[in-house]
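Take a look at the structures below.
Both complexes below contain chain A, partnered by chain B and then by chain C.
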Partner chain A sequence: MTITNVTSEVIGSVWKVEMNVGDAVKAGDTIMILESMKMEIPVEAPVDGKLAEFMVQPEDSIDEDQVLCTIES
Partner chain B sequence: MSDVKVPETLDERLVQLRELEENARQMGGKDKIARRTAAGIMNARSRIDGLLDPGTFSENGLLGVSTVFDEDRERTPADGKVTGFGLVNDRMVGVVSNDFTVKGASSSTTNMKKIGHVKRTATDRGFPLIFLGESSGARMPDNMGSEGMGTMLGNDPHQYVRGRETPWVSAVLGQCFGSSAWYSCLADFTVMRKGAVLAVASPALASLAIGQKVEPENLGGWKLHSEETGLVDRVVDTDEEALAEIRKFLSYMPSHNGETPPVAEVPAGSDDAAANIPQIMPDSRKRGYDVRKIINCIVDQESFFEFKPRFGRTAVTGLARLDGGVVGVIANNPMAKAGALDVAGCEKVTRFLVMCDSFNIPIVMLVDTPGFVIGIEGEKKKAPGKIMNFMTALQMCTVPKLSVIMRKSYGQAYLNMGGGRNSDSVAVWPTAEVSFMDPQYATDVVTWGKGASDTEKQAIREDMERNSTYLGLAQIFAAQSVIAPQDTRKYLIEELKIQHLRRSGGISQHKLANWPTTF
Partner chain C sequence: MHDRELKSESDEDSKKSAETPINEELYFRRVSALEMGGKEAVERQHSNGRLTVRERFKELTDSESFREVGTLGGSGEYDENNKLVKVTPAPYVAGMARINGRTVAIGGEDFTVRGGTTFGAARRKGGQGGFIEDLAHYYKIPLVNLIDGAGGTVTSAKRRGYVAFPGVHGFERSVQLLGEVPVVSAVLGTAAGGPAGRAILSHFSVMVRGTSQIFAAGPPVVKRSLGRDIDKEELGGAATAVDKAGTIHNAADTEEEALDQIRRFLSYMPQNVWELPPVIPCDDPVDRCETALRDIVPEKRTQPYSMHDLIELVVDKDSSFEIQPTNGKSVITTLARLDGRVVGIVANNPKFYSGAMDASSAHKQIRFMELCDTFHIPLVFLVDVPGFMVGLKAEQEATLREGMRAVYVAGQLTVPTLTLVIRKCYGMAGMATCNKNDIDLKLSWPSGEWGSLPVEGGVAAAFRRDIANSDDPKAREKELEAELRAYASPFRTAEAFAVEEIIDPSETRPILCEYIALAESRLRANLGPKRKAGVSP
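So, the complex of A and B:
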């Protein structure tokens, strides 16, 4: 089993989370949407697997490279 | 003077020659080479073997040694820099491979002559030059004192001149100080192996000078150079990968600036992906997307070779092929800072424009930018100057320039991304929106201090939005074509044929060839 960190490419905040812990994801699926510079930035799954844990929730401020959630595969 | 006795007869001399050559090929000795191999690091000669087509290396200066001090003659095989010529994918290249096992591949009289010879030959005869970097800098004590300096450094007034007559490539494969650092900064393409260091001077010397412990990764590691300085174009894990990246880069480049880039076969299925573009471009103008997905739908399959992916991420630059021909792609990426160009993005685009202009590579710009990033941070880094460097480079660039406005194109960035006659042809998607400022902010500006109600503001904003569509550009012929996103590949292939520089056989005027290599 491998745990993959899903990180933020931008500084901003979490706008909405579109999936739940335990959901199956495919690489490219949108897990959550961030807000940065008044733009909605989708966070996509880098790998296939199952959502293991969320480290953030809506309205949280986030930094570049911050781990947002993990995927178990 | 050498104390090697040369025998009388030709046969004896040939036998002795083979021995001397064999000894020189041992580099810094079996132990040092074995330690590198155990650590998974290639040596100066195995790197050349990995880089060139098998059996094509023609070495120069194999018997060269340091002659500054007699005792060094025996312990400086090839004087620490292996140089010569060979083929990469059947095309001639010059190569300088630093041998760190011989006095840290430090620079001294003989090896500087060897580099000079490869460099002159590559430039005069028209083929790329490759530096496999791993060197400690000027050799001590050879270069010490006024006589040392007067003899060694500064005796080649063209040593670090970049005229971009032929492509230069550098690999940062270990400690790169002195010449290996300088050539990495002068090259058109620089690849770095993780764990290598690129800096003016070594961490030990830097620590000595400032009285503070300096970590190699902080001084010149791959993160620093791929994310903050942008001095390296690609980062890899192994020497082998670095050599493969060099071969790949050269596959896009002409041998010299008097040639057009090589044309390749078009992979089957390359026309299929463009149909997916409408699914990638979001319906909402506020939704980000990774523009690299769109690039990959437009260009020949698997042909996009990105430069500096972790640096200046508001812009994406890379070489690719369209119908087999090489193009330089410049795109805004809404995933980073909404695609607003920042200082690093401007530097990255400017450098890329200079390379494309120098080597006859047409430019394709894919536009989706709300403008330039504003604020104190950018101003401190000379943002206005960077924007003008970019603008001047674009205007002096004489290769064909095609601009496709996909979505937003605002303010000065409209000009920097090819609008306003700053490209040879502008196409717009029906999703394009062009104005001086995003209507949201422009509404605030024009109603400032006037006590406008929310309803009045909304009406003003909607009016501005109506006046910012693709139709305005099309009706006044500020855009020459309106195209559906899925037709972009077909459009670009046709437009490149129209804009081909027939009168010069595809060769640009190279007005940027003498520009600096960093911005």
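So, the complex of A and C:
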């Protein structure tokens, strides 16, 4: 079993979370949507697996490279 | 050539020559050259996941096109009767060859001989200031560096009896070449020192993920200078040098792919700045109208879309080659073709910082604009830029200065530029997408919007008192926004001939093809090296 960190490529805030812990994800699925520079930026799963943990929630400020959630696969 | 040499010497006609060569010594010396650092050293190179320099040449260049220069360079060992016993070849292989039918000067360190470290007579063969750079300069042909060495060693001082002043056999020629002929470098091992310097003094550079590294100084120097332990992959692997820093333009997964990228890059380049880039026959119809382009920009202004998809729908099929795809990601810089003619595409990427220009994307755009300007490649800007990136980090990185440098360089371009606004074009970052000193030809899709700054945010600043004094500040802000937005219609700007044409997105390809064909006479009239400009900000 490997844990993959899902990180933010941009600085901004969390707008909405589209999935829950335990949900199965496929690479490319949208996990959450960030707001950055007045734009909605989808965060896509980098790998197939299961959502293990969320480190952020809506309205949280986030930095570039910050870990948003983890995927177990 | 070596294959051919050996083959030709074992051909029916000359079978005897292999057994009783015409000149035994020449044959012996040639064979020694082909053996490089010996069987064990070659095996070690392979087990490190790397090809030898001669295998790389073979992989990169047109079949049997390599003509070696300096095959016999090296150090001979002689017995007491002055009879040759052994030759260690110089750790640098060079010559001319053809890539896609066009002649290039090519050279590379042979890591199997002393780790590619050259000195003495061998040093005159290649590297900065070496014969191979002179060949590219005097014959006006592209230079290909296959880099696999770490440059000088402190042991040179002992051998020489004194320490050399930096700049003896320096980078003068490497610098000069950047304004004359395409220079491309592949970093195929661990590069530091001079070889690393040459990789940077290139128009295009590529390295291999996992097997190549590049740095100003390697782990032992870091340990000694800063007391930090760090491994060479973390310090100078592609994740650092390509993705994070932009020290090297592109990364490849294998050596073969890296060499393929070199072939690809050169296919867009002229042989030198006195020629135009090659035009190739195009079987993608010029009048191909893509209705998919009408729906590519989402109605909701806050939703991004794929600028990469947009580019692919417009340019000749399979003609695009992205430079620096993993660094400065808020702008996309791509070489491509329109009706077979080479163009440079600069496109903002709404998926990253909304396409806002930060310091790294400014660097990337500047380098790309200078590349295209130097080699007479017209530029097409596909614009969706909300402005410069904002925030503390952006200010600490000097985004304003780097962004204004992009404006400065755009304003000095001498190649034709065509600006097509896809969605946003705001502020000074918007100015870096056109050349106001030129004809300043601007087209737009109906989704285009522009101004000094976007209405939202701008209203809050300009009407602060008006909004604060209102009974319902939120509603007043919305009202003011709606009022100003009415003026933001691109059609009003077109009425005033302040944008030259608004086009149906589906017509983008035919229209761009026409403008790029139009550019040819102008490009032809401006061949030669570029004048050096003043002080960039």
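As a working rule, the second predicted complex is superposed on the first by the 73 of 73 C-alpha atoms of A that agree within 3 Å, B and C clash if a C-alpha of one lies under 4 Å from a C-alpha of the other, contacts with A are read in each partner's own complex, and residues count from 1 in each chain.
We take it that contacts are C-beta pairs under 8 Å (C-beta built on N, C-alpha and C of every residue); 3 or more make two chains touch, one makes a residue touch a chain.
This is a predicted model, so every value here is computed, not measured.
Judged by the touch definition given at the top, the superposed model places A:Ser36 against both chain B and chain C. Residues 9-10, 36-42 of chain A contact both chain B in one complex and chain C in the other. Interface of chain B with chain A (complex): residues 284, 286-289, 313, 334-338, 340, 440. Contact residues on chain A toward chain B in their complex (touch as defined above): 9-10, 36-42. Contacts from chain A toward chain C in the complex involve residues 9-11, 36-42, 64. Per the touch definition, chain C reaches chain A in the complex via residues 302-304, 329, 350-354, 356, 386, 389-391, 393, 454, 456-457.
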